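Two complexes follow with chain A in common, the first pairing it with chain B and the second with chain C.
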Partner chain A sequence: MSAVPPTVEAILARFRYRPDEESGGLAELSTANVEPDRASGGDELQLLTFGLGKGEYAVGLGTVTEILRARTLTEIPRARPPLLGVLNLRGTITPVYDPSLRLGLAGPAQPCAGPDCPRPARAARILVVRTALGPAGLWVDRVRGVQRVRPGALERPRGGPTGGVVGVLSTPEGSCTIVDPEWLFR
Partner chain B sequence: MSPERDRPPPEFSSEAVETAEALGRNLLLLERTAADPDPEVLNSVFRQAHSLKGLAATFGQQRMTELAHAAEDLLDRFRLGKARLTPARLDLLLEAVELFQRLAEEPSSVVDEARVLAGQLSSVEEGPERMGEDPLERLELAPETRRVLTEFEEHRLRETLRRGELVWSARVEYPLETFDRELEQLKARLRGVGELVSTLPGPAADRLDVLAFVLLLGSGAGEGALRAAFAGAPVELRPVPVRKERRPGPDADAPRPAREGGEAGGAARTLRVDIARLDALMDDVGELRLIGEAIRALSDARELSTRAWTVEILREHRRLVRRLDILQDRLLQARMVPLRPLFDRMQRLVRRMAREAGKEVVLETSGAEVQIDKRLVEELSDPLVHLVRNAIDHGIEPAGLREGRGKPRTGRILLSAEQLGARVVLALADDGGGVDWARVREVAIQRGLLDEERARAASDRDLQSVLFSPGFSTASAVSPMSGRGVGLDVVKTNIAGLSGVIDVESRVGEGSTFRVTLPVTLATVRGLLVGVSGRVYAVPLSSVLDILSHDGRHGVTEDGRRMVPVRGYNIPVVSLAETFGLPRRAEAGVYLVVVGVAERRLGLVVDALHGQRDLVTQALGPRLGQVPGISGAAEVGHHHTVLVLDVGALLDEVLRGPPLLVARA
Partner chain C sequence: MSADLQAVDVCAFWVGDAVYGIDVARVDEILPRVVPLPVADAPAHVEGVVHVQGTAVPIVNLRRLLPGGLSPRTAKPKVILARLGRRRVGLRVDGMAGVRRYTLADIRPATSVRGVLAITGDECRLLDLRELLADPAAPGRPDL
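On to the complex of A and B.
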């Protein structure tokens, strides 16, 4: 019985636009469960691409356990950037961070927590990422989709990853920076 | 023998720990009567060691089996009067109790110690067998009775005669259906007047529906008292004659005091729950199923009008909420355990530590019956051990020095627990040397914890926070002095992790009292919801003392603290909005929530009160770690998370204040 690899659309359908954002059950969408594409030798990378401001970025799909529609967070008093606030993810207090600071993007981080913040933009999402210190969220402006690439297609920074940037993927639509999520929390 | 697995199964650990604890309790009971050990207690200790051996053998725990065997063997010799129970030997047995507990949880950590101790226990030499003629030979027992007596019973009869008491023989008959209960009751009554040495089957009775017994009693009481103990039951009672007349002396032992300390539960990873409690929980679940069924039925009750349907839904909702409340209460109750096992452990610890430190110390306890959440008991152990060690190492003076100071030679530590509403206050008081606050002040300056001016101005109470700060306690140079700061920061952190606070009261020369205030349970916290700049925070109700309206007027002390008079006292106040750096709102600061821990008070200025709630609190998690002023979070309503204030930390922050503590080592 050969498993048919799910299409990108099928994967995204499972991520997006749930009637209830606390969809749960997405943990199985790790790389382990997404069969590698045999035609390409089975070593291709799956990236989740997202947008921040005008830039395009990506993290490994395997580390993302859930994508939530952005919601107002509970503010942590005296929190320092990049920490935005916390949300309660089915009983686990999950800190949410603003990746733009690490990525050197201009523009003040919008308030995302507390009663004074505006309603989050419709397209804004929180990527819940699995880390050694428990789940953590990344607040992004939009999620684009899942990209499958062969490792050779990546431009890697010379002399290993610099900072948290793992590589850059160039596509006809533009370039996309691949980052290590753990670095974004620091 | 196969090598032991690293971690024995939990069912083994919990039972072994409980048995070892009960054994330890009985050993301490024996200590009080060391010269003339209570045979009944000695017997039950022996039995406990025996069942521990059996248990360990069943689970293939070889080390524990060997150690328990050695302990059992030694206890058997005490029991039979073949060896004397001395304080040193009791120490060995108490050490074995400690090892049993560790072996039960992590056998690999103490393998060598266990082997060494087992060796020591077995090498205890036989006590010098008393010379002279065997008094038992003079006792005119019927030969058929003499034949069936066990070694232990013979030993007890000898002891009776040595004490100059009489051996009585009593023949009783009880109906077949009730004899076991009657015998138990009789034994209980006899306990007051003498020692029941042996219960033997009596010569066949005339009737078939009764059983006859012959009892052998050792007693110094008169015949009247004995007959009274039989409580009118038909009995043939006669003293067993002793050849070579010897009158019972008048100095016969007074009736033994009632025995204390049952075989109450233990403190391990697992929890024993009364089956009745589980039954009640099951009933609750059944009730919830019924409600679920009713709601499902409503979903296709098409004949109802919208209005009637709404009414029905609300009714079911109320039932549901009520039942959930009951369920929660029952679950919380099921988690509650008495402090006794913890206190017992401290008893053993004090004995050992005092011996190691070469000091004379007794530990008195009160409030061991107070119940707290199982998890709290577990987590409380380490901090308490630390405080006890501090009291013995640095608090209690050597006996000679104490006499010089006009104190009793033996130092006294009082460990007490008391429940006050939703809080439990544990206090550890010693009558030792106390904290030398002047010295604390000096050290704080030396180590740059306080600048000189502040330190001179600081009261003893202000200096408390220095005592508990990491920079102070790591100073090993302080420990040999009367300073008591060793590791207190760790204790404080541990206690704070349990939503508790610790403080100390101490006078030079008179001793110290450490007081730990904890919530009764960790599972839910009753919280007062307060509004600050549009945010909502929860204040644990256990630390709320007063709620007042606030007009914003306040005085200011020299060092810039705001003070407000509350019921005759000036207490410091702080605006939560300011402390947390929140934007000010128009309706700002109309209420004052007075929080306090021990004798410290603080007024929190808030904008609104949103009532009380039972909160299921969650930790903020390892990534966030310690967030100053916040102890956790709780969900109230759909997707609405509120933070729970850490009152202890806020008190520290405001009362100590960043300005007072200039640096951290």
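On to the complex of A and C.
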């Protein structure tokens, strides 16, 4: 042990975070050791199904980074549909869009942004999706869950994807339209 | 700004009956309920990993690394998602104690506990997270 106590500056140099510091020593845990929660058959598709109005829709689970409980958004003056407003997502300003416009549905019955808007519906959620321009939010009426399907179970549109519709999945509860999330607001 | 260099912002939390702090710049997120997946061959202080936005993050229980008595009954356990270099680590703590700003005059060096750099006037122990989480068997660590 050294006899000279370290100076406060030296202490703070070790205390402060630097992005380029080494993280060595933290026990390296490989994810290969993690017990998988369920055996997955190699080419299974994972879809996140959600509801808008009376319809059921789905997007690929891989593009969705987060599902937030819907909250009041910050309004953008003269924002044009489908942009509803913005959301501060842990410091990143994230635009939130209304997917119903592209899908030919009636938009939300009530405003979602600004100080005067009513409290969002309990079941409403914001899906945060990864895009080339950063995260973007999609305001949906409800989130149903994750569905694992084999690619063969999808009915794909003839002649490749039309617009943003990737395919249709028929389930005992009804059919569910699989869409490209970026197409919903581009 | 020179004013920023004269003060330090600390994210303070409870471990047992003591308050510890890390640099607020390290803190990414505070998660209320975390159930880690157990990992084979993990060190005793690592509870497991959780998947956070697509990456596996180890969860370290700080009670197993730091001295501390019984936690207050009102404590709400949380997991602090902290940055360590380019990686992230989850720190399980007994409760949050807010963000505190200290000036350099508040900070006194402390060397008796591994990973604890300094103690402030109101008994918040500042942690060297890299030293605390370093593998004890790894070479090059200064002998305390």
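What we mean here is this: the second predicted complex is superposed on the first by the 142 of 186 C-alpha atoms of A that agree within 3 Å, B and C clash if a C-alpha of one lies under 4 Å from a C-alpha of the other, contacts with A are read in each partner's own complex, and residues count from 1 in each chain.
As a convention for this text, contacts are C-beta pairs under 8 Å (C-beta built on N, C-alpha and C of every residue); 3 or more make two chains touch, one makes a residue touch a chain.
Everything numeric in this text was worked out from a predicted model, so none of it was measured.
S.K.: Give one of first, second, both or neither to describe whether A:T65 is in contact with chain B, with chain C, with both, or with none.
M.R.: Touch partner of A:T65: chain C, not chain B.
S.K.: Applying the document's definition of touch, where does A:E56 land relative to chain B and chain C: first, second, both, or neither?
M.R.: So A:E56 meets neither chain B nor chain C here.
S.K.: Is A:L87 contacted by the first partner chain B, the second partner chain C, both or neither?
M.R.: Touch status of A:L87: first partner only.
S.K.: One more residue to check, A:D141. First (chain B), second (chain C), both or neither?
M.R.: Touch partners of A:D141: none, neither chain B nor chain C.
S.K.: Can you give me the overlap between the chain B contact set and the chain C contact set on chain A?
M.R.: none
S.K.: Name, in rising order, each residue of chain C that touches chain A in their complex.
M.R.: So the residues of chain C in touch with chain A come to 8, 22-23, 25-26, 28-29, 37-43, 46, 48-49, 53-54, 56, 58, 83-87, 89, 104, 107, 109, 111, 117-118, 126-128, 130-131, 133-135, 138, 141, 143-144.
S.K.: Can you name the residues of chain A that touch chain C in the complex?
M.R.: Within the complex, chain A touches chain C at residues 1, 5-6, 8-9, 11-12, 14-17, 19-27, 29, 31, 33-35, 37, 65-66, 90.
S.K.: Give every residue of chain A touching chain B within the complex, in rising order.
M.R.: 71, 74-79, 83, 86-88, 91-95, 114-116, 131, 133-134, 136, 185
S.K.: Which bits of chain B are touching chain A when the two form their complex?
M.R.: Spelled out, the residues of chain B in touch with chain A are 533-535, 579-583, 618-624, 627-630, 632-633, 635, 639, 641-643.
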